[in-house]
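Next up: some structures, all given as structure tokens.
You will see two complexes here that share chain A, one where it goes with chain B and one where it goes with chain C.
Right after this comes the complex of A and B.
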């Protein structure tokens, strides 16, 4: 009994330390965001006092009204742009997974001519800085008649997200025991069926992380979206946000407010999805 | 099972695309692009609506973010997809003419209209032969903005303003290290940034005097040091600065109800002439698409007309002379900005103008931050800045003999590679056997090749050319020779390739190490069984990834400000000396790393959390039963199972960090003295601030590519040798 009590106490101390570390990390993660929040909710921007712990002196929601177009009667347009962002990012996530997963599977499980070249080529694309490639990309998309269409953005983002997605999924597929598929194939499934019915469900956490990555890269991208889209109804939210930054001055209040609005859906999606996607799904299924 | 999540996703996608890409198909529509915000944008929209109602024409207005404006204009106009009319600053006319983005505007701005606009604007819109290249629209320049509750009356000189009061508020705050705001002092002492024949102007007596004048303002403690635009605005808003120097855009961002008054910059006792700020005239430019379309010129004329100016003057300093002579009520601050504009100096339209900012600001910064300065050290600073301007000029390479050689070499190499491959035994049978696998990889291969590889190749080809975008000349390997010989300077000297490479390597190692360590530590903590609030912690910890990095990077820049930053405030509370973060390489570098680590650890954490789910629990349990300590379990079970899964994220993370320019740009901006620049930010400078040398920037990109490729080859060889 006494022994059990000591064990409990030790457990409690351990839990306390873990929480202390995590709270420290949360403070580190949130502190700069507190600045953004303060600017967003302040009527008169960030003061110069209380710089260690910023806090609005005069609260206001006016910046949010400006950022969401409510103050200029453009909230319908803002909603449209929010839908654009969601559509483009979700489509990018789906499309890049749909293209990357089979390719990653082939790279993980099959032997074929050009595999090594393809893999290193894929890695090479990531090494080349994109300083000079926006203009040719514009040209190619205009040849494909994808300019000024959200589908064009989706295609461009997916292609950009592919190399990482393929590498990420290839590593995840390799971590799955081959026996699972072999068992399915012995039971009469084709290779493709085994891939879809057995491998993909097991690899769901990796698929989720990869999809999240593709989603995020599309969600925050601004240069391509601003360059390829030429109608305000086709803009995504980062483009709308960036409008608050001018050459010599910037409207930091609305910009900060808009940044918060932009980050809320991402966090909501992550919060909802994480329970199913990151909580040890494979503990039971990969026992091999 | 979790199909509902996927179905929500699908519904969103379907719904989004149902909204469709409706496009206006009106035959005679006029497309107008601008980068205005707020009231200026409202006025413009009001006018276009009025024009549509009057004439039945369709006008499509597009507001483009300033940061993407120039690149969007050039890519769209070159593909004949751009606007008919666009509003932009007159100083870009030089490069727009070079690139063929604008056409004559004589129909929209006939000679008879000359008197309609302020003389200074008319002069800017026409070239020496009297040809109009745009229609005068609005004037932008800086003036003195006073907080009338802190300053009474109008100061008669800068010196008396600065001496006027000293009770907690700065008498004057301005961006002391910005060349644009420093220019009035230079002009007052008789200098100019860019002399005749594109000669560098920040030299000699005027430059020396202007720098000493600015230094005296700051070193007296009456003007804050190293203030950027955001800080200047903050100080003014909170009553900590009685006067600031800024433009009409700044005033429109200030909170309403602040008691302020605007006046042209007062004279300086130190100089014989008055301080002349730079003037920007916003022009209506006509794109090549508008040629032979009189309705476009008519529209431009309407927007610039006196009639329209009555609407626009509510929001901007119009260039229409009659508006200011009229008896209408105009906001006093706009009237004052107009007065200031008439006494300003229009910026040069030469493309070389853009290349002066960097060396001038470098010189100002060095001189302002030096603890002591005498004539000799000041002259050394100015000589160095002139040398940098000269060395950033395009070199006239004469490698045209080698034209075609590169193309032939590349083709031969590719052919040899294919021949070598196909000559190997079992190549063709291997190919046939691979057909099944190709069905899986085909889509990915095509997508990556068309949308990723082709643009990169096109970019790489640019590296063999030099000169402006529209008429590049073949330079062979001239760009590479130039970069690899450090442009003739010392190999580890200022801005040399090798020195920047060293910084980049240290930068990459520091960041990746910290990303992985922090990400791994947090992921392990979060995956502990029986942890409460797990979901909340996980969500809060990805916040740095979720908030757009542009705004948080700038928050970090603010946190590291010497005088007002939170980091120094914290240091002071702990009794330590505040640090001037951006004055030393090590601290500026640390600030960049701190920002980038903060931005990047959530990604690594999420990747590791995902990978941890693939570590079978029964193996860990077995180890536990065998009496392994938690460290042993981690070291011998978790880590070996984790690392292969993390390899792609770590390798790609390293590659991305190597090429991560925006943190460097936004936080340290390369300070001090471009020492914290990494290779990519250097490449960007060549493309966008130094004489627009895309070829040079592309050569940097190819070299970066080469280095990373070589590193990966070597590390793979090393790995196989170890194994």
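Right after this comes the complex of A and C.
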């Protein structure tokens, strides 16, 4: 700060109010998370005796041992399910980007017959809930012999993630000045080279966001996974989690512990990708 | 080849329409090797479209583009051996200055050592050495402009295309870079096609000036030819600042021979118009040709001063021509010539500086 970091009284009040509001918002957002943490680390589940601020009375890691199968001798299975979730989500992200990027580019830059109809069609698919497609998808994948296999889930998830990914990337490509591609083509690039060497790198933040979104939707998805996967070895983590709070018993402790385990990879990815997500790469490309 | 000479680039009978709107028609343009051709014209007249068609970024509706003895009309930009500098510079934002310069060479699989050499050379010519590792967003407007030019010259193309490369720079820098561009052209020996709507750029840079009007070439030739011998009132009014004075007059013949009357003022008729029959004319008089009356520039009227602009090195005097229905007129006088509002100045012009246009068609009358 220009004045050496000292604030006058008025700025002080303003800073105080802003900080109070922000702290309030953070508490509001984190309060349920604190509950999950408390339940996960408590020996006696929900018993916090009506404290406003939840905090474990008797610390324990037992819930984590149950959630990850460590105490039931099923840790190999859990690990396998974790790998399922990771591969399915990562593949969904990659496949969605691989299909959505060229499609979005064509929709953003080219004129062709059926463009408007195609766009409306994509929009239309967004209006149906996932559940509506569960049964048809079940039959399709069963015909393709992809039931109970990760590839089946990837296909189903990518199909679901595509329309949004295409809209997202189309908007991103439209925001890139056409002149960049024209410059590349005059410089010696084919249209495809211009796409690969200029458009895609410039759109990297948008690609990252879109990929992350596809990853998350696959990572958190439950209905299709539960419908299309019947073998335990093929489960993804949301299905595993759900079993702790099944019809007969509600093992909230392991459920909460499991939720935390499931959240860790996503948090890690957000942490790693935050630079990508926030960078404004297009700044300074055109205009003085 | 219809003619004997092979031009670096030739545009033949070009027509370009977007949907139903015809943007260019009947454009014929031959650019000899090493020439500097400038396209000027009002906004929307089709300058950029013509340039982009030569670049291969637009395809013509009909007509053809030739590079040397090759018909390149159907070729993509990358196969035309051209480089282009865009108005917006269009630097690749994700690449450093060095990578921006090397981009085209890399695409063409130029050996690394040669790339390094050429980048170093271009960088030295344009003074980019200190900027090579920066990203475009870390550069000023003028620096970006130089990188854009560097990206064009490293390629050593047969032809350079510029689309208003200076319009985003401030006036001082523009004047400086204008000179640099011409020097660079002479040094690189390429052929240049340059679009601008700035007439100073047009006049100073061009070997051949090509004035477009509503998608057609109105006049093409050396800049001074367009300036001194415009084929139409449009050309005369487009070039020159302040604008040429155009006054309605009559070409009449009396016992004393032919002369032109503008209201009660009288002008003698230049040699080249002596064959014309008596008729209504538009008289074009450039402000810098109108001077206080003297022996060489005999008086033809009196200017009543309403207003003047003193620029320091010269003064533009605005006023009305006495006895001509208060026709507005601008003349140029030396800055040491003191004027005041309300003055009456006897003004003269050398006869050969008068140009005449047909009032209806606007075409010049000397053919």
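Here is the rule we use: the second predicted complex is superposed on the first by the 248 of 288 C-alpha atoms of A that agree within 3 Å, B and C clash if a C-alpha of one lies under 4 Å from a C-alpha of the other, contacts with A are read in each partner's own complex, and residues count from 1 in each chain.
The working rule: a residue touches a chain if its C-beta (ideal position, glycine included) is under 8 Å from a C-beta of that chain, and two chains touch if they have at least 3 such contacts.
The shown structure was predicted, so the numbers you read here are calculated from the model rather than taken from an experiment.
Three-chain overlay on chain A, with chain B and chain C fitting side by side and no clash.
When the two complexes are overlaid on their common chain A, residue A:84 makes contact with chain B while staying clear of chain C. For chain A, the partner that touches more of its residues is B, with chain B and chain C as the two candidates. Angle at the C-alpha centre of chain A formed with the centres of chain B and chain C, after superposition on chain A: 140°, rounded to the nearest 10. Using the contact criterion defined above for the overlaid structures, shared-chain residue A:198 touches chain C, although it does not reach chain B.
After overlaying the two complexes on the shared chain, residue contacts for A:273 are found with chain B alone; chain C is out of touch.
When both complexes are overlaid on chain A, the residue A:187 reaches chain C alone and has no touch with chain B. Looking at the shared chain after the overlay, A:179 reaches chain C, while chain B stays out of its contact range. When the shared chain is aligned, no partner comes close enough to touch A:74: not chain B, not chain C. After the two structures are overlaid on chain A, the closest C-alpha atoms of chain B and chain C sit 7 Å apart. On chain A, the surface touched by chain B in one complex and the surface touched by chain C in the other have residues 281-283, 286-287 in common.
Looking at the complex, you find that chain A touches chain C at residues 177, 179-180, 182-190, 193, 197-198, 201-202, 204, 281-288. Residues 55-57, 76-78, 82-84, 86, 88-94, 103-104, 107-108, 135-142, 144-145, 151, 155, 161, 168-169 of chain C touch chain A in their complex.
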